[in-house]
Structures are given as structure tokens and as C-alpha cells.
Amino acid sequence: MTGPIVVINPNSNEAVTEGLDATLAPFRFNGGPKVECVTLRDGPFGIQSQLDSDSVILPLVNLVLSRKDAGAFVIACYSDPGLDACRSVINRPVFGIQESGVLTAMARADMFGIVAISEDSVVRHRRFMARMNVLERLAGEMALNITVDESARGADTYVRLVDVGKKLKKRGAGSIILGCAGMARHRGQLEEELSLPVIDPTQAAVAMAIGTLLTG
Amino acid sequence: MTGPIVVINPNSNEAVTEGLDATLAPFRFNGGPKVECVTLRDGPFGIQSQLDSDSVILPLVNLVLSRKDAGAFVIACYSDPGLDACRSVINRPVFGIQESGVLTAMARADMFGIVAISEDSVVRHRRFMARMNVLERLAGEMALNITVDESARGADTYVRLVDVGKKLKKRGAGSIILGCAGMARHRGQLEEELSLPVIDPTQAAVAMAIGTLLTG
Amino acid sequence: MTGPIVVINPNSNEAVTEGLDATLAPFRFNGGPKVECVTLRDGPFGIQSQLDSDSVILPLVNLVLSRKDAGAFVIACYSDPGLDACRSVINRPVFGIQESGVLTAMARADMFGIVAISEDSVVRHRRFMARMNVLERLAGEMALNITVDESARGADTYVRLVDVGKKLKKRGAGSIILGCAGMARHRGQLEEELSLPVIDPTQAAVAMAIGTLLTG
Amino acid sequence: MTGPIVVINPNSNEAVTEGLDATLAPFRFNGGPKVECVTLRDGPFGIQSQLDSDSVILPLVNLVLSRKDAGAFVIACYSDPGLDACRSVINRPVFGIQESGVLTAMARADMFGIVAISEDSVVRHRRFMARMNVLERLAGEMALNITVDESARGADTYVRLVDVGKKLKKRGAGSIILGCAGMARHRGQLEEELSLPVIDPTQAAVAMAIGTLLTG
Amino acid sequence: MTGPIVVINPNSNEAVTEGLDATLAPFRFNGGPKVECVTLRDGPFGIQSQLDSDSVILPLVNLVLSRKDAGAFVIACYSDPGLDACRSVINRPVFGIQESGVLTAMARADMFGIVAISEDSVVRHRRFMARMNVLERLAGEMALNITVDESARGADTYVRLVDVGKKLKKRGAGSIILGCAGMARHRGQLEEELSLPVIDPTQAAVAMAIGTLLTG
Amino acid sequence: MTGPIVVINPNSNEAVTEGLDATLAPFRFNGGPKVECVTLRDGPFGIQSQLDSDSVILPLVNLVLSRKDAGAFVIACYSDPGLDACRSVINRPVFGIQESGVLTAMARADMFGIVAISEDSVVRHRRFMARMNVLERLAGEMALNITVDESARGADTYVRLVDVGKKLKKRGAGSIILGCAGMARHRGQLEEELSLPVIDPTQAAVAMAIGTLLTG
């Protein structure tokens, strides 16, 4: 029997971890791998800057090394902090949610769009997509310009999502990625309203992890 | 409750469909979507040429249109025949196994390699990857130079797989795709021997389909 | 003596074939290859969707196989349906008009623009250009948003062409492709008005075919 | 009535011009544009270095400006010297043989190969293809390592062509370009022996020029 | 002791050379290489067209060949005329200011923007950047639409620079290149106002030349 | 007066810092910026793994924040650890030696090659160059397969450098980068023996830093 999929929230905000946990409920089933969400206690309360992102690499590595029981890991922050470092210290699969989200969006359409929380993260995401060599398939990335906290709670987040999603569709996006770990509860409704596949990146990563473990 | 994932073997060789069915057994679980493998009766006995590949597009479209109960489709031929056509006639997700396999391999390593059945298919695969704009991440594609039939039955297929896999690893491949629908039973052993993630493309596509349906 | 260039209109609209025939009159000369325009009787009345495009592949292959006398073939639909399939069954040259049109436009300027009939075709064209790896040289593709039928007859087509052509020029296009098989009669006038080379893709393909046969 | 296609040999070697003239004989027909080959008297005896290539730009511009009767120009040196400069001073079409040859080869296969005269020219050609953004479709360029003079006369040139052509085919080339203005007489035989389209770049450029003028 | 860095103004406007000389004053120090600015007497009064640019290649080669004492050369025109030709005739380093400016801007940010003097030069610059394969990192190039002469003297040049610079920043530019040899005196102030690194390309080239000679 | 260029050796091996100090002696001159080499005391003794590289990010940020007097920073490890993080916390220029080395090599030739210390680092370097989007200009990267320590002291390092350098030249490299912070003392001799520009990346970064500060 394979070990659990350990989904790591690299910030120390337990509410975010609980949100991930709820988001991933559909992925728990009899006979399937356990899906466990954990909080990186040493992480900052939110990951918004490059420094926030880099500050969690070593704590992530330590957490990953300590979970010898895990079957696979998902780093549940859209900046994919510590992805290379974690992969370099263990043999088990490690998925980043940006990477998985982008690749899953590419499995659904020729061009994809991204809804980001803030302008600041757009540059960081672009850098990662440059490394992935997928920019030619990016229709655009647009920011909601709200805080991570608002994105999880704010009442008008959905209205903004629809607005930005429609603009990305007009630019040619055939699928949309929610560029943050905390917007999954809007996914289904947005997908219906836009008539486009909408990808929650954490769900995308966990689906890939399950696929790996089921065949392990 | 969502409908089944209909995995279509676009050739008329029932043995191949049965092989797919066995390969996908781990993806069937209580509470998850049904995974059903069907044979395209109008397909050729094997898909080895461009013409074989193009000849199944309309039959695939008809099959897809007829399965109003399906939650998602997987076209289980590594040439991804009819992918655009099927997507254009229904709103439900359609996954191609080449596309899903390549993207899943990209979720595991910076560069990936492909083991093809024959030299002839290498050009066709390259064309599709050019369209996907992923060639910069391809370490190489090398052929076993055996028939599809041999690939499913031949005793020394595994020996050839190890040989080609090692060559691809030397060229920089950090993950390996089995570039055909019928080699999944070698996946686990090969993965262990190469110390690299080995992707069966049908399993990769079904994992993505499950991810989509679980959150639907 | 080489056989004729068989220009295939893959839709069953004879008026389109007659239009092609008139368009290609300048390419008929003493001592040169015959240029013959034929209608694909099994084709749909117009090719506007992905399914229309894929539905003509096998009929095209059959037609190509039946014309053992032909020196070369031109598939005169801007989606280039069946190009790979036709090439795979005969040794003689087969030209697609999108491919030839794009390459000819690239022989005239660093960046090219495309005038499409409708928004729907833009995505399909982009996919083909991605495979050609020429998107970096595309200044833009803009739609007239008229039907194929209107494009052949509509009085204000030319006005729309000038408008879209000027916008493409402003975006950096140094040459313009008429992204449809039926707009050639506007070519000369548009070229003069825009002060840019304007390429009719069927003429571009036939010129390449002639070049091949003259040196055969 | 349109003016002649003026094919300029930018070196002062009249034998090369005569060779071009013979090569282009098939492109002369009743009712078609005149095809006239001229020697750039101010050019060096052969163009083998970057300096040779740059030294002919201004003389080419002068020649082009002086031929107010011409319908189109072809610069018949595979380095395409003076292409931008000539285009910038007149409105009539100017074709470079490298550019036309590469684009014509791309109209025949997914990947193309080039046979160069010498190693030295390979770097110069690559630079131009980088600018064209076509390197991803280049299977390879290999040198015969003979002089331009030998390429026109040497007895074993053909043997070398076959050898290099076969190597390029093995690397994936689906079409082959003769990367020099003086090897056309081997084209047909080589094409048959390799079972691949072989492109003479001057013929490719003249075919494009004819296409332009016939529809002018 | 190494020879001087010879900075060549390829136009014959002595005022431009004097401007360069002032711009480069900070690069002269005890123990460092001499930095000498020279005028190409055979050059046109300004380099604004492709022909202007090509017309200076041979004079540049002659100048370079004549300066056997030089340690390195800088061609101080943003079109980088004669760069390949000059490099091909001597072993000592030759820097182009466009090339050096672009590469230096890439050392400061993921994406860079360019302020051009006129629209006309934008196409020429793009061509060179295509050859460099750096277009994916270009946020945009926008023209001030003033003459070279105005750029050196015009009172409102700075106002235009700020306006264009802000637009480029909005498009994602993390660094800005002054796309002409004569705007260095605005560099510092503009950098402060935009809060972005602003690169004078001649200074960038001379810094690279100094780096090369100091370690020679 | 501008502050010093602080060159940070991110490993704790003082001998490496001393080596850098000697390497940079030529960059110290009257009136120029001070060039100061410092050791990151919290760093590992050598940086050879991804984890080593990531482990120094926060210490580097702290060091950078503490040096309010510095005019510019150079991170002297070829993996460019902490480059984004350091840039995000201060406004002053921060140069990475891999980035600067690659860009400086691109200022000298169409294609460049890299000599790495070990195979392991090749993948890490490729990832960074993918992000830079410069892989199309990479002729190859080959490893000496010696330790960092040996590279600084080993007697036969030079012999290996020549061997690898010649192989890279044969693959088309027009300039060579020493892909490690400790091989500068071989630079001049290797450059002469290969007849190619050889770039020490730390020197390249310091030259860029000087260029920035001289014009500040």
C-alpha cells in the first residue's frame, strides 16, 4: 500500500490549509491514496514576495525529508517554491501546483490564460513559465489585484474572476488557470459561466499525484 | 453522478482494448468515475501510418457523439487522431494520450524522452510536439523498431526498452514516455531499473480525466 | 512531359472551383504544366469547422490516388486538410495553400499578417502555424467576419479588406495573406492600396508547384 | 506587360552567370516574364567570406536602381547579400536565394537539410536562418568542403552530394537544399537517388518571382 | 600595455562624435585602457535607413584594419553596421552597441524595453534581435519619432523619453535601452524618474570592452 | 562617490574568496569603484547541489541588506543563487555570474559553449538558461568532471579545459564560458590556445557592475 499524498501549504495560515483540505475532499476515496494537507509552520503567514517564496525552501526540504511515509508531495503555493530542492533530496514524486496547473491547462486547449491575485506575482510566474518554455501558449495573465486573504474570503472575488476570465477568453485563452492556491471554490461556477475549462492548480497537481501512485 | 470515462481504442484489435482495460484497472475505485474501454469497430487493425491515423477521425467523432452518457473521453492512440475534431463537437473533456503523456512527463522533469515503436511514427510525433511547442524540452525520441503487435507480446520488448531508456537518460531525459498505447505492463519495472519516472500515456490521460471529473 | 497541376477545391461548391479556375488563368502558358481545377464532390458545401476540414481527408486521398497522371497537387482550402495524408500516399509533390501562402509571405517581409474570413478559423490557422513554427513572424491575424459565400460575392468585402489590411500593417505586417481560397480578385487592388505585397495563397501554391514541375 | 526577372550573380565570374542561365532555361516560356541573368561586374570573383558578401551590397543597390525596367530581382548568392538594402530602395519584389530556398524546402517537409560548399559558410547561413527563425526546422547543414569553382566543375561533386544528402536524410531531413548557386545540374539525379525533394535555391527564387509577376 | 578602445561613430557628424566622447568620459581612468572616439569620415551625415547602414560597412572595415594599435573596437551606431564584417577581418574584440545594450539590459531584468528615435528603425532593430533570438524577452520598442539631430539637441526629448519609458514599464519592461547613440545625457535622470535601470548602449559596449581588455 | 562593488563568494571556503580577489585585481584602479570580495560565512564549504544553492539565498539576502554602503553586488557562484531574492530587496544592481557570463559570451559570438565542473551542474545551468531563453545559442555544455576544489588546484585542469574547449569549438561554439567561479587563472592561456574568446563569469559580472557604477 502506498503512502499518503502530502499536500503542503507553505504558509503558516491554517485557514488556507483548511481551505485546501476542503478543496481536495473529492480526491479521497476508498482504495485510493490518502490525501493529507499540512501547514508549514515555519512559513510566513502569506507568500507574496520573492523573499517569502525563497524563505520556505529549506523548511519545505526538511518537511519533505521528515515524511518518510509519504507516497508523493504537492507544494501548494502557485510560485512552486522549493520544487527543485525537494526533488533533489528524495526519489518520490514532488508536484508543484503552478507547473501542474499550467500543464493541465495545456491538455485542454491550445492557449491558456491565468488569473493572478496581484500584479506583483505576474512577473514571478512569467519567469517560471519562461523556464518551462510555455510562454508561446500563454494567452495572457491578468491580476485581480486583491490580497490572498481577500481571495479566500472577499465577497466580490467571483465578480472579478468572471470579468478577468472573459478578457482572457477574448485574448484567445481556451482554458483558464486560477493562479493561486485559494480560489478553488469558484472553479465550477466560473467554468460554467465562461464555457471554458477552469483549472484549480492544486486539484490538477493532486490528480497527477494520484495517477502516479495508482500505478506505482 | 458523473458519467464514465470512455477510453477509446481507435483500432479494431480487441486484444489491444483488453490490454488497455487491464492497464487501467488501478483507476477504478468506489465512488470514482467508471473507466470503460471500447473498441472503435470501424478502425483499422493497427494504426501505423498517417492514413491509418486520419481514417479514424470521423468514426471517432461518431462514437463520441453517440456516447451522451460519457463524462470524458480518452483517445488511446499515441498519434492523438481526431483530438481537435472530437473536441469541436462536444463540450465534455477529450484527452489525447500523446498530449497527456508529454505534459505529465514535463511535470516530472526538465527534459523528457520518448520510446517509440517504430521510426515511422517518430516524424508524426514530432509534428504534434511542434504544434504543442514542447520540442525544446525533448531530450530525444528513439524507436524500438518492433511492430505494435510485438510490443504487446514480444518477449524481448523489455530488454529493448531498457536499452533505449538508458540511451535517452544519457541524452538528458529526466522522465520517459512509453510512446504507444500497449506497453504499460513494463512501466513499473522499467521505472525502477532506470531510476527515472516512466509514464504510460493512457494512464496519464485517465489520471487527468479523473481529476477533471472528480471536481466537476 | 509532366502531368497537370491538379488544384483540388475540397468543398463541393462548383462556384468556388470556377473562381479558382479564373484566379489561376495567368498560370497557364504554352510549354508550361496544365493547371486543372477540380471539385471534391464528396466534400461539404463549405469548409468552416474542424469537422468539415477533417471530413475531406479520405476523399482527398482517394482523389489524389486516382489521378495517376497528375504532376503535382494543390489542396485549395486554407486549412490545408489532408496535407500529411496525401503526402504519405504518393511521391509527387502536394502543396497546401496555407503553408505555401505563409512561406511566400515570409519571402517578402520580416513579419506577415493574415486576413481571415471568420474568427472561428483563426484558432485553426494558429494551430497549423504553431506546427510550422512561424508564429514569431506573425504580426497578427484578423477576421473579416463574413461567410465564405459573402467573401466570394459580397460587395463590401473589399472595403473590409482594406480596413483590416491597414490595421495589420500598423501592427508591423510587411506582407499580407488572403486567408481563404476565394478572395484573389481583390489581390492586385489591395496590394496597391496598402503598398504591401498581398499574397493569394492558391496562387502562391501553384507558383511553387510550377517551379517544381519546370525543373522536374 | 511586366518587365524581366533580373537574376543577379553578385560575383564577377561570368561562368557562374552562364551556369545560372542554363539552370533557368526551363523557366522561360511564351507569355511568361523574361528571365535575364546578369553579372555584377564590381563583385569579387567568388563570394566566400563575410567581407566578400558585404562588399557587394552597394554595387547590388546600384544595379537594382539602374534597372528601372525590371519586374523583379533575384540575388543569386546563397548568402543573400544586400537583400534588405535592395528591398529598401525599390518597391518591386527582390528575392534572396537562401531565403527562397529555405522557404520552398519548408513547403515540402517538416524538416530540411542543407548541403553547403564549405564549413565557413555554415556559420553565416545559420545567422541568417536565426533571423528567419527557422532553425527549429533545420535537420542539419553539412559541408562538401570543396571550392565554389570545384562545385561547378569537379567530377566527384555528385558523389559527395549523395553522401552528405544521405547523412542529412538520416538526421531527419525530409527535403534538401543545395546551399550554393552553382549545383543545380545535379538536382534531378540527386532527388531521385535520395528519394527526397531537392531544392535548387535559384530555381526556387525564380519560381516565386514568376508567381509574383504572373499575378501582378 | 593594451591599446586603446576605438569607439567609431559611423556617421560623419563630428558633433555626434563629440557627444560620444563626453558620454564616455567616466570610462577613462589611470591604468585603464584609453577610450578614443573617432569619426568615420566616409560615413553619411546620419544613419537612418538600411542603405545608410550598409554603406558604412566597407569604410568601417578599412578603419578597423588601419588601427593595428587598437585593443578593441566599438561600433557606435544602434544598427550595429558592419559588426560581422569587422569581426571577420581581425582577431581583436569588436562590440556593437545594439548587441551590447540589449545583453546588458538582459542582465538587469527579465524583460527589457527600447526607446527608438523613429518608427523606421524599429523594423531594423527587430531583425537584429530576431537573429540574436531575444525577442521573447522584449517588452516592446517604441519610437520618440524625432530625428537623430533633434535627439541630440531637442529640448523636449526628455519629456518624450519619460512618456515612452513609462509606457514600456507598464508593458512589463524591467529595464530600458536608449536605442540610439546620442541620448546618454538623459540616462541618469530618466533612470531615477522611471525607477528602472536605463542603459546607454555605447556605455554598455565600452564597459564590456574594458572588461575584456583589463583581463587580456 | 559610489560605494564598492561587493563580490560575494556564497560558500564559506576562504581560499575561493582569495582566488576571486586575485582574479579581480585588474579591475581595481584609481578613481574606479572599490572591488571587495567577501565570504558568506553561513554558506556551505562548496556549492555543488541544488540544496547547497538554495541554502544560501537567505544568508545572501541578509548580507546584501547589511551592506548599505555597497554600490553594486556580484553573486560569485555559477548557479546564481538568490539573484531574484537579492534584487527584490534592494534597488542597487545585483549581478549573477552565470547570467553575466552567458550574456557577455553572447556579445562575442553567435553561439557559445560552457565548460562545467561536473555533470550534475549541467542540468541546473540548463534550467537557468531556459529561463533566460538563450538555449538556441548554446553550442553545448560539457563537464570536466572534477571537484570545485580540484578545479582551483588540480594540475591537469588546464589539459582538460583545452580538450573540452576544442570539442565545444567543433560543435560551433564561437566563445567559451568557464562555468565556475574558480578557473579564471587559466582564462588567458586557454583563449590563446583555442583562438576563441574565453569568458570568466566573475570578471564579466564585475565589468558590467563597473559599467553601471561609472555612469551612476
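So that you can tell them apart, the chains are marked A, B, C, D, E and F in the order they are listed, and the count of residues begins at 1 in each.
Everything that follows uses one rule, which is that a contact is a pair of C-beta atoms (placed from the backbone, for glycine too) under 8 Å apart; a residue touches a chain by one contact, two chains touch by 3 or more.
All of these numbers come straight from a predicted model, not from anything done at the bench.
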Name, by label, each chain that touches both members of the pair subunit B and subunit C.
-> A, D
What's the overlap between the neighbours of subunit A and those of subunit D?
-> B, C, E, F
Have a look at E-F versus D-F and report the one with more C-beta pairs in contact.
-> E-F
Per the C-alpha centroid definition, the whole-Å distance linking subunit A and subunit B comes out as 25
Using mean CA coordinates as chain centres, what's the subunit B-subunit D distance in Å?
-> 43
Subunit A touches at least 2 other chains through residues 127, 130, 132-133, 136
Touching pairs - complete list by chain label = A-B, A-C, A-E, A-F, B-C, B-D, B-F, C-D, C-E, D-E, D-F, E-F
Name, in rising order, each residue of subunit E that touches subunit F in their complex.
-> 26-27, 29-32, 91, 93, 95, 99-100, 103-104, 106-108, 132-134, 136-137, 184, 187-188, 195, 197, 200, 203-204, 206-208, 210-212, 214-216
Per the touch rule above, subunit D residues touching subunit E in the complex are 49-51, 54-55, 57-58, 61, 82, 84-85, 87-89, 124, 127-128, 130-133
As the complex stands, subunit F meets subunit D at residues 110-111, 136, 172, 174
Mind pulling up the subunit C residues that touch subunit A in the complex?
-> 123, 126-127, 130, 135
